[in-house]
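Submitted below is the structure of interest, expressed as structure tokens.
Each chain carries a letter (A, B, C, D, E, F, G and H) given by its place in the written order, and its residues are counted from 1.
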């Protein structure tokens, strides 16, 4: 039995690589998917495909359509969602992806530094599990496969 | 025919009063509901009901359960959700409420200052309508009742 | 027991008034709702609320968001949908509203002139009932209330 | 991970072949499905299977049942729907297929010539992405597989 | 709190009147709805509304569309479904209505003479309660309102 | 706006009366519903309606059908479910009712004595709020109606 | 792409073998599933597994549970349902299976001899396609795989 | 065609091994999944992953989140659920898992010793099949694969 895990959130660090390497080391039968990790391409994708837009709002609108399309396609294929909140940016799209996972009945692991517990308290309460590090999330994933 | 509108988001300003007054002036058949607007009571509600907690994380956990319960009860009764993003705080619970509205097929109006367009682009793309002011949101609400 | 009926489709003729009058004559306990019937206001509503747009595509985008919001709010409240196809325009939004009704499990009556049977054959096959006139649709509605 | 894409809309041009060739060139792991592309067989399929019908309306009714059956089977298997609107015909079944995709939570790409933006504005607003050419739709598909 | 009960099945006997009278005697807050009880009008309703049909199959097709429309509208409004199987006819539409109730999560009471237990065994197993008489079904309904 | 609250669980104590009295004192717009509170009638209801059964298993089967029917009808009408676990009995039907509430997206409050925290940990984790007394549950209910 | 087809209905004739052979001849990528075709074993399965029952009603109850379990497991795995109505028996379980298919959004082909059109009219109206022979049903299945 | 079966309930006996062996003997194409069977690790998993907790309630809370996550992931992948109730413990999580299976439309077999029929009567009534031994459950599973 194979699993697909969608890795939502922060795209400027290397946490996805860390998860993939560990899963590979433990030979977990998991395929990882996620958003475009090249931040500037993610912002430019609307203009890249449908051409230059009138202003930055329309540029954002065009990009968000294609990013949401990608997220929707890949999250539909997923069995599990892991969402990581970091220090930078507003990360409202991460909150949205995490909420979509809950709505689609995809079990959700939230990763956030401890000091963000207050602003994330409502979302954390809806997640299945909240942890503070990629390593802990990895242990939760591995627990699925343990028999004893 | 009567409607229930859930007003999600910012609780330290008076935007909900403004909406209620305008709806009352135009005699719109709408009942407005929303979160606890007293910010400190919202944060304290867990300890208020189940007693003092071990630390601030557990205090937040206790409060978030009761706030999420309230939101869930009231949003289930709603026909429309309006979510306002302001300047302060992380507002991840607002992003979560807006996403829940989308998941529950509750038509959603997003209000945000123009300069927040970039971090809100994915959520804005999923909302039915995004506007920049309470006044514009009010016009969208009124349009439902206009015959011509 | 009261019913809400959403009247989708053609907004340049007076078929909605005819239905409302007949329902009133027969004292049917029905509230009728539907789209903005003032065609130009429907097209202008985006700019009316959020201001002038860069070009006609963005003007249409702005208007369609608010019209879809209205349709979604009112169709969610409806027990039945009647969709009328006429001679003019592409009427793709009527096809979309009719399909939404099917998806939301709202029983659907389609009204269309007989000669449009070929292009409407797939949609007609999914509707509950297809008729050729407002008068026939009215008879279908009245049949719900008849005991014998 | 493999994907199934349903190609709805226009059956008298060769846009499906173009998409399949490009996907093949880029070795995308996609299986494409769609309606019967032989227009006259699509119209005749009812009589082909259940025999001659009384008139053209019943002939259409018989054909539409079998075409809708096929569409329903194949769309249920799909992860993504692409719907192309062209210049000819009423294309109400394309609007219906696009709306079904939305209702089934299948991410939807709309392809239409720019000048059709007005009649398609409401449907375009509900689609995930609207583009003007097969080439652009292809770029959106490819973006799903890009890591950076 | 008021309830709506859909009474499916046999239309040539007076079991609906018996239920309504008993509910009235016990002042139960229930509105009863159901199919057209005039059997010949139910069979003729297609031709009555859309005109004479080519043969009895098309006449049946036309009638069944309008009868299914009525059933769908009224069952959607119902909290409970009671389906009675009698001695006469194939009663496949009763089996279909009972199955629809199950699919729509409407609690279902089946009434059938004891000797029909064998052919109804699978459907009976899916119903909430199976009884042998209108009087027993009535007792089940009354039990909802009893406090002790 | 009125609410319906289903009170699941223990039927040999008077906790439902306590809740109803407090809600009445605070003039909360709530209608309370729940299971048959007469324990022996609840056990006998199958034989009461369909007659004596062959043995105690069939007697239980007959009763459980009618009790589940009642629960299903009343829970469908409810906006909120409160489930109380006490000291006596296996209470597996309470666990089932609480799980049904979760599945039906009805916000759920669990009441249990503190020392039962271990066997209830998984269910408690899925409930919206877990408290230790009727008084605390009452405070959670009242919080829905507070504006500040 | 492979398909699973559930073959509901009549178990005393050899129509399933006919369908399987034809599908095999045309190398259609279809796996066929269905009910226990040994009629007496289907009736005895309850007593076979849980032992002798008190009377024929309880024997039927025991068998129907296991038959419904099997049907539910296999129909959940299916992409398409074909239901055949024959001359013998009440066939209410066939009507139930066909209705379940509709409720589960599994495209449905109904096979029935022409003279049964009247009692099956409502169910036929809800099916995607109604045909009169196994051969015609087979042609509908094959049409899914034809490109032109 | 392969099946996944989730084995819920009692983790201190060897019933899962018995089922797996028998399935293997009969070469049934079934993959079995289930909860962590090491009881103490199941209780400790919260502290194992996120560190020591303040008291036993928080320890339980932490463990239940991760156990519920595991159950949710594996049950979503399952086609069938078998839940075994034994003599020891409260087993409220087993009742919850069984109820989740029902809510997710996963066919459910309940195994319980006969003398537990009374406290399990409501849950048993909602299960597809209730048996008294692993051997009987195994026979129900095998019946799915029998052709005659």
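We take it that a residue touches a chain if its C-beta (ideal position, glycine included) is under 8 Å from a C-beta of that chain, and two chains touch if they have at least 3 such contacts.
Predicted model only: the values in this text are computed from it and were never measured.
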Each chain counted as touching chain C and chain H at once: A, B
Least step count from chain B to chain F, where 1 means the two chains touch: 1
Centre distance in Å when chain F and chain G are each reduced to the mean of their C-alpha atoms: 40
Centroid distance [mean C-alpha coordinates] between chain H and chain A, Å: 30
Separation of chain F from chain H, taking each centre as the mean of its C-alpha atoms, in whole Å: 24
Overlap residues in chain H, where contacts from two or more other chains coincide: 65, 68
Chains grouped in pairs wherever the two touch, ordered by label: A-B, A-C, A-D, A-H, B-C, B-F, B-H, C-D, C-E, D-E, D-G, E-F, E-G, F-G, F-H, G-H
In the complex with chain F, residue positions of chain G that touch it: 54-55, 58
Touch list for chain G against partner chain D, complex: 1, 3, 79-80, 105, 107, 109, 128-132, 136, 139-140, 143-144, 146-148
Chain G contact footprint on chain D (complex, rising order): 4, 31, 33, 36-38, 41, 45, 48-50, 65-66, 68-70, 72-74, 76-77
Complex interface listing, chain D residues touching chain C: 56-57, 60-61, 63-65, 67-68, 71, 85, 89-93, 95-96, 98-100, 102-104, 114, 116-126
